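Next come two complexes, and both contain chain A; in the first it sits with chain B, in the second with chain C.
On to the complex of A and B.
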């Protein structure tokens, strides 16, 4: 299979929607195949890579922090970046600058960057295909 | 004495892989522990929460693997048995989805949507989630 460049636009905020679970699964599958990936994290999705996310215990389940092992999307973003490195692909993960400013989430997982809609425009021009996973 | 609260849960499987539970069932369990008097009605797609034996494998992203996957049937049983929260399931919504009563976890109570208005009258607060 030839290497492709694929762009994804994500919009949902962490912990709000099953859309992101689907998005991370698709990204994982593409990255495992060595494709180059661009992500434009827009609106609520700009918080996916926010580095100050912290796991928490689950008192209803009676589990402490370690036992609950609560997922954070920052860990998942970092795992995608590392997986791309292992598979010979690259990930350009852009967090919408205005979106992170209005949410106060302007501290990112290393390897992701601040950007703008101009990056998304450039991504789509340079990609074999683009998938938008919008907020519904 | 706490106000009697009826909670109609319709949104289902919204972010359970990220939260490792349903945020509303979790909230009600926590509020019950704080002295609440809650009842749950599962309707729409949420009736599937009462189907026994469900569960997803953990999500894997790169080398990261989820270890504590959500199990909604377990959480429904926990509401009934441990939190003493009655859980009703709308019969018509089960039938629309082809779910047999025999597939449900023990302890859930079947309710026709025609009986909902009368149920509302028994509660001081009715919330639709």
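On to the complex of A and C.
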């Protein structure tokens, strides 16, 4: 199938919902197929690319940070961007500006940017298709 | 004919909204559209042969293609599926989006 441009709107905050696991799986599959991807990270999802996230140890299980190997969404976002570069695709990841200001998460993974719902509208108009993954 | 992909992520044992989504799916199919339902996350719990799976199997008999995310099935230890439900990789969602199917998430 020829290269397409697909837009995704995410709304769930990190570490809370299985929706994000599925969303990242879909994004990964789309990137591996070489499609160009737009992501509008809205509401809680605006924290996905927050660069100051830190992995933590698990004292209950007696594991230090390295042993726990706790995944962070900032690393997952960065991995998606890197995979797109390897596959010749593009990812335009926009973090909702008002949302990041509200949450104090306005430091992003390099390669993502600040934007607004107007970017989402522009994405949808320029894309072949759009999937909105809302919160419950 | 319009092509629809309806993604169901919720457990029908937990959310009564799921029955409305099934009804929407049936209505779209009855209106002459080509409709696929993709079960994911706890949505695949309805894929087990159970009191809730009859509604899904009925959808299949209405002409709806019903797919269940293979990863979600493995996570939940589900290997036996009700009639008319087929395991599928998550890539199906990408392929349907790329093919222009109108796609909804619930």
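By our rule, the second predicted complex is superposed on the first by the 136 of 136 C-alpha atoms of A that agree within 3 Å, B and C clash if a C-alpha of one lies under 4 Å from a C-alpha of the other, contacts with A are read in each partner's own complex, and residues count from 1 in each chain.
Definition applied: a residue touches a chain if its C-beta (ideal position, glycine included) is under 8 Å from a C-beta of that chain, and two chains touch if they have at least 3 such contacts.
Since the structure is predicted, the reported quantities are computational estimates derived from the model, not experimental observations.
Engineer: Looking at the overlay on chain A, is there a clash between chain B and chain C, or do the two fit?
Structural biologist: Because the two structures are overlaid on the shared chain, the partners are seen to fit without clashing.
Engineer: Between chain B and chain C, whom does A:30 touch in the aligned arrangement: first, second, both, or neither?
Structural biologist: second
Engineer: Between chain B (first) and chain C (second), which, if any, makes contact with A:68: first, second, both or neither?
Structural biologist: The first partner, chain B, only.
Engineer: In the overlay of the two complexes, what angle sits at the CA centre of chain A between those of chain B and chain C, given in steps of 10 degrees?
Structural biologist: 60
Engineer: Thinking of the overlay built on chain A, is A:58 touched by chain B (first), by chain C (second), by both, or by neither?
Structural biologist: Touch partner of A:58: chain B, not chain C.
Engineer: Which touches a greater number of chain A residues, chain B or chain C?
Structural biologist: B
Engineer: Taking the superposition on A as described, I'd like to know which of chain B and chain C A:76 touches: first, second, both or neither.
Structural biologist: Only chain B is touched by A:76; chain C is not.
Engineer: Is A:105 in contact with chain B, with chain C, with both, or with neither (first, second, both, neither)?
Structural biologist: A:105: touches no partner chain.
Engineer: Should A:18 be classified as contacting the first partner (chain B), the second (chain C), both, or neither?
Structural biologist: The answer is both, since A:18 touches chain B and chain C.
Engineer: State the minimum pairwise Cα distance, in Å, between chain B and chain C in the overlaid complexes.
Structural biologist: So the smallest C-alpha gap separating chain B from chain C comes to 5 Å.
Engineer: After overlaying the two complexes on chain A, where does the chain B footprint on chain A coincide with the chain C footprint?
Structural biologist: In chain A, positions 18, 25 sit in both the chain B and chain C interfaces.
Engineer: Help me check something: in the complex, which residues belonging to chain A touch chain C?
Structural biologist: Touch residues, chain A against chain C: 1, 4, 6, 18-19, 22, 25-26, 29-30, 33, 35, 128-134, 136.
Engineer: Please name which positions on chain B make contact with chain A in the complex.
Structural biologist: Chain B reaches chain A through residues 13-21, 26, 29-30, 33, 59-64, 66-68.
Engineer: Using the touch definition from the top, list the residues of chain A that touch chain B in their complex.
Structural biologist: Touch residues, chain A against chain B: 14-18, 20-21, 24-25, 27-28, 31, 58-61, 63, 67-71, 73, 75-76, 78-80, 82-83, 86.
Engineer: Mind pulling up the chain C residues that touch chain A in the complex?
Structural biologist: Of all residues in chain C, those touching chain A are 9-10, 40-42, 69, 71, 89-91, 93-95, 97-101, 103, 105.
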